[in-house]
Each structure stands twice: as C-alpha cells, then as structure tokens.
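By written order: A, B, C and D. Residues from 1 in each chain.
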Amino acid sequence: MTDICRVPVKFSEIDSMRIVWHGNYVVYFEDGRESFGRHYPGMGYDIMQETGIYAPIYDVHLRHYASLQMGDVAVIHTTFVPKRGARLDYKYKIYRERDNQLCCEGETTQLFIDTNGELLLELPDFVQEWKKKWLSAR
Amino acid sequence: MTDICRVPVKFSEIDSMRIVWHGNYVVYFEDGRESFGRHYPGMGYDIMQETGIYAPIYDVHLRHYASLQMGDVAVIHTTFVPKRGARLDYKYKIYRERDNQLCCEGETTQLFIDTNGELLLELPDFVQEWKKKWLSAR
Amino acid sequence: MTDICRVPVKFSEIDSMRIVWHGNYVVYFEDGRESFGRHYPGMGYDIMQETGIYAPIYDVHLRHYASLQMGDVAVIHTTFVPKRGARLDYKYKIYRERDNQLCCEGETTQLFIDTNGELLLELPDFVQEWKKKWLSAR
Amino acid sequence: MTDICRVPVKFSEIDSMRIVWHGNYVVYFEDGRESFGRHYPGMGYDIMQETGIYAPIYDVHLRHYASLQMGDVAVIHTTFVPKRGARLDYKYKIYRERDNQLCCEGETTQLFIDTNGELLLELPDFVQEWKKKWLSAR
C-alpha cells in the first residue's frame, strides 16, 4: 500500500546552501501521510478529532542522499508498514522528479493517545476497521 | 510600554539570499509579544486558555529596510498601542544588534473571539484589568 | 492578470486554536506568487539566479477575516498590480474552498537588489521585457 | 563535551493537540548545535562560509517520550560524539524544565561537502584543529 504525491519546492524551504533545508523533509513525510490518508480514507484527522484519539509521532528517522533545489518537485512515496501492536508505521522515499534521484528515505512510528494524553495499549477500533478494509483487500 | 528582547538568528531562518527569510519576521513579532507578555503579565496564553477567549491576529503590516544574516541578533522592540474598542494593538521595531540598523518595522491588530469563534464587541474583563493595572501606573 | 491556485491545509500549519496559524498566510502569498510565475513565465527564481538580481519583499500587509481548518483548501488569487518605478506589486485574496468565504486579503511590494545588495533605481531588463510581453497583450 | 541551552516554546510551534509539533524538534536540535558552537567555537557557520565547506545533515533520528506545551521551556543537552572518518556526530536530550521530564532524544550525523557539492572523504582542516583543541584538552 503505497501512495505517491508531488510537492513542488517552495522558496521559503530553501536554505543558504540553496537546497531544501533538511528539517522540511519532516513536513514532506507529513505531506506524504496526508496524501496517503486521502487515497486510503478512514484514518484521517477528522476521525481523530471525532474520537478524541490522536496518533502523535513517537519515532522518526531520516537519511539524506541528495538535495532538492528551487524549481525541483519532490515525489513522495509513502508506504504503510503493517506491524503488530498499538502502533502505526510508514516508510518514505523522496525522489527528485527531474532525474528520479532518491534524495531522502525514512520511517515513522506513531502511537495512540486518548483525550487525557494516556497511551493506548490496543489498536483503536477505527484503525482495526481501516486495516480490515484495506489490508484484506490485497 | 515597550519590551525589548534579543533573538539570535537561526540557520533554518536563512534563505537562499543568505538573509533571514521575510516570513520569519512574523515569528519575531510573536516573539516580541510573548516577551512583552512575560514582562507585563496578565494577558498571556494561560489566561486565554482558562477563559476560552483568544486574540487572533486581524491585521499585520511589515516594512523591511535591511536584512539579518547568520550570526546576527535581532533586537525586538514591542510597544503596546492603547486604542479604544475591543482590540489589541502593538507596534514593533527590529534592530540588527551589531550596528543598531533598523531592519523591520510593523504593526499588528488583534481582535477577541470566544470559544464559539464569535467576535467579542467589548474588551474582555481580563484585558480591562490588565489595562487598568499597567496603563494607570504610568 | 490573476492566477488562481489551490493549496490544501497541512497539519503542521494548524495552531492550538485549531486554525491555520496566521504566519502561514505569508507562505500562501509566496505560493501564490510562485504559481503566478509558472503561468506568466519570465520573472521567476531561475532568471534571478542567472542575473544576480533579486526581488526581496519590502512591504507586506495582511488582513484576516475568517479561518482555515484541517481539511480545508486555500484558494489563492494572486493579481499583478502595475505601478511606476523599480518595484513589483501584487495583491492577494485567499478563499476557503468549501464555502467560498474570503479568509485573508493583502498586498506585497518587492524592490530589486543586485549581487552587492544595492537597491536598483530602474526596473531590470528582464522585468521590462516581461511587462512588455504580458501587459501589452491585454 | 555537552552544551545545555534553554529555549522557550513559541505559540507558532504549538499544534492542534496543544503540544509542540514534532517537526519543531529538528529545529531544537539545530538550536542545540548552534549553542554548542558558541561555547566550543571554531566550527561555526562563519568558518563554513569562509572555507566553502558545509556540513549538511546526512542522518537524523528522533524519539519522542513526552510533550512540551505553551509556557514550557525546552532544555536542550547537545553532546559531541567523537567518531572516526569525515563525519560529525551529535546526540541530544531535550528536557521539560518545569519537571525535568525527558521529552525527546536523538542523534544526527553530518557529512562534509565542498562548494561543488562534492562529498569530502577526509575531515576538513578546521575540524581537525577544532578536535585537537577541544578533545585533547579533556
């Protein structure tokens, strides 16, 4: 289960080395998750706001291999990684559109908290349903 | 009523022209308001969260005269501008510490909204008390 | 001469009032200028890098009338405002796609500087040509 | 070799869960490196600009254990991790000042590139001198 989206580089993202500042790749990962959520609906921000269950980032790891410049388009591949337990895992590959160069690769793990900020030890119902719907279909 | 605070320039704020990207001055204005709030307490984020009354920005205007570079420190002067009605006005001057050059100048107007997002037509009690305390003292 | 572009709201842009943080509208204005530049080419970042002539923001003014939330799409209208002299002026209107509500309106003025950071008193050649091409065509 | 610096949370860093948005911790790591560089000088941005040798982030890894809210102060511990080869390694611990809770922990690896964007296979002279000065002193 992979979603691919295109994000043009913005002037405000460019640093003094004339490349995208590395911290913006965390935003690109989030762009990737949001695009993924639009294509495989049922686990988006709306249902989190409705249930009061959020999925904050617990672990994020990024490796940078090449840079993006002004005029470039980031092509973000976001893949759901099924794992056991009350967690949500994605992996990402970000390519430079003009030459298909892999620029960045990484992973995130999200955990679930309720409205009191308490960690959930079991997968929320809406995520179980989402997994049933999308993973069994494959 | 003016507060002065010092904010060192960050690498992530520098753009490809090797100066602070202009959009970061909106953050500097907010840094200025937060520092102002620490020196003249009673109108901070905590009381807004408690009362459910927030003061979103309605109008912001910035003029840029000179630039800040890596290694520079922004010296932010934030001045409360008393006006009639249910509004909050500040003006700002941002100087470059090394040579005291005026880099940016601007103004903000904030209005008040309640938890339903409704605009308040009268100044909230906590702001009236704050004005009584700090403005009459002068 | 107006360009219209759509920008979906990102989670990282939402503040604790659950609306887009006001400072992000400066980025939306820049998104608008970049989209404008793709539709009316000849004045983009590439030619600035080539000629060494940049157009930093001198003046920016924003008024906020309504808010954008998670799930919303900002529809950015960017209009070139022809003025005399060595300057570049745009005005902006940002609408909320779901109900066509005007959320923000504003203006920017850019001046021109050369590689030494000196202010240009005359319009650069590439801007004169751009104006001749696009404005006379109307 | 550890530097400790204090960074008050900004309103613009708070997300809709009323905690610091996770992507801002990449900025806190950079704040930590910059503060470290002021206390152990010789490897800062100025010498990079002078020599044309930069140290872009190659690898960054963050783990989040607890959150920071409005009013909180992040206490950033930045430690230099000596390793063999043409690389620069730091590790970080970010504490919440009010209760000394560990909020985030992570590591970065930087590599060196010259003005042509070519990767350096040996440690630049100024880094060797910096290591000689500060590491042998201990």
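We adopt the following convention: a residue touches a chain if its C-beta (ideal position, glycine included) is under 8 Å from a C-beta of that chain, and two chains touch if they have at least 3 such contacts.
Just so it is clear, the model here is predicted, and its values are computed rather than measured.
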A-B compared against B-D, more contacting pairs = B-D
Farthest chain from chain C, comparing Cα centres?
-> D
Centre to centre, by mean C-alpha position, how many angstrom separate chain A and chain B?
-> 33
What whole-Å value do you get for the distance between chain A and chain D if each is reduced to the mean of its CA atoms?
-> 24
Where chain B and chain D are represented by their mean Cα positions, the distance between them in whole Å = 28
Spell out, as numbers or ranges, the residues of chain D touching 2 or more other chains.
-> 11-12, 23, 27, 30, 70
In their shared complex, at which residues does chain A touch chain C?
-> 8, 10-12, 27, 30-31, 34, 44-46, 49, 70-71
Chain B touches which residues of chain A in the complex?
-> 11-12, 14-16, 18, 21, 23, 70
Once bound in the complex, which stretches of chain D touch chain A?
-> 17, 19, 22-23, 26-27, 30, 54, 56-64, 67, 117
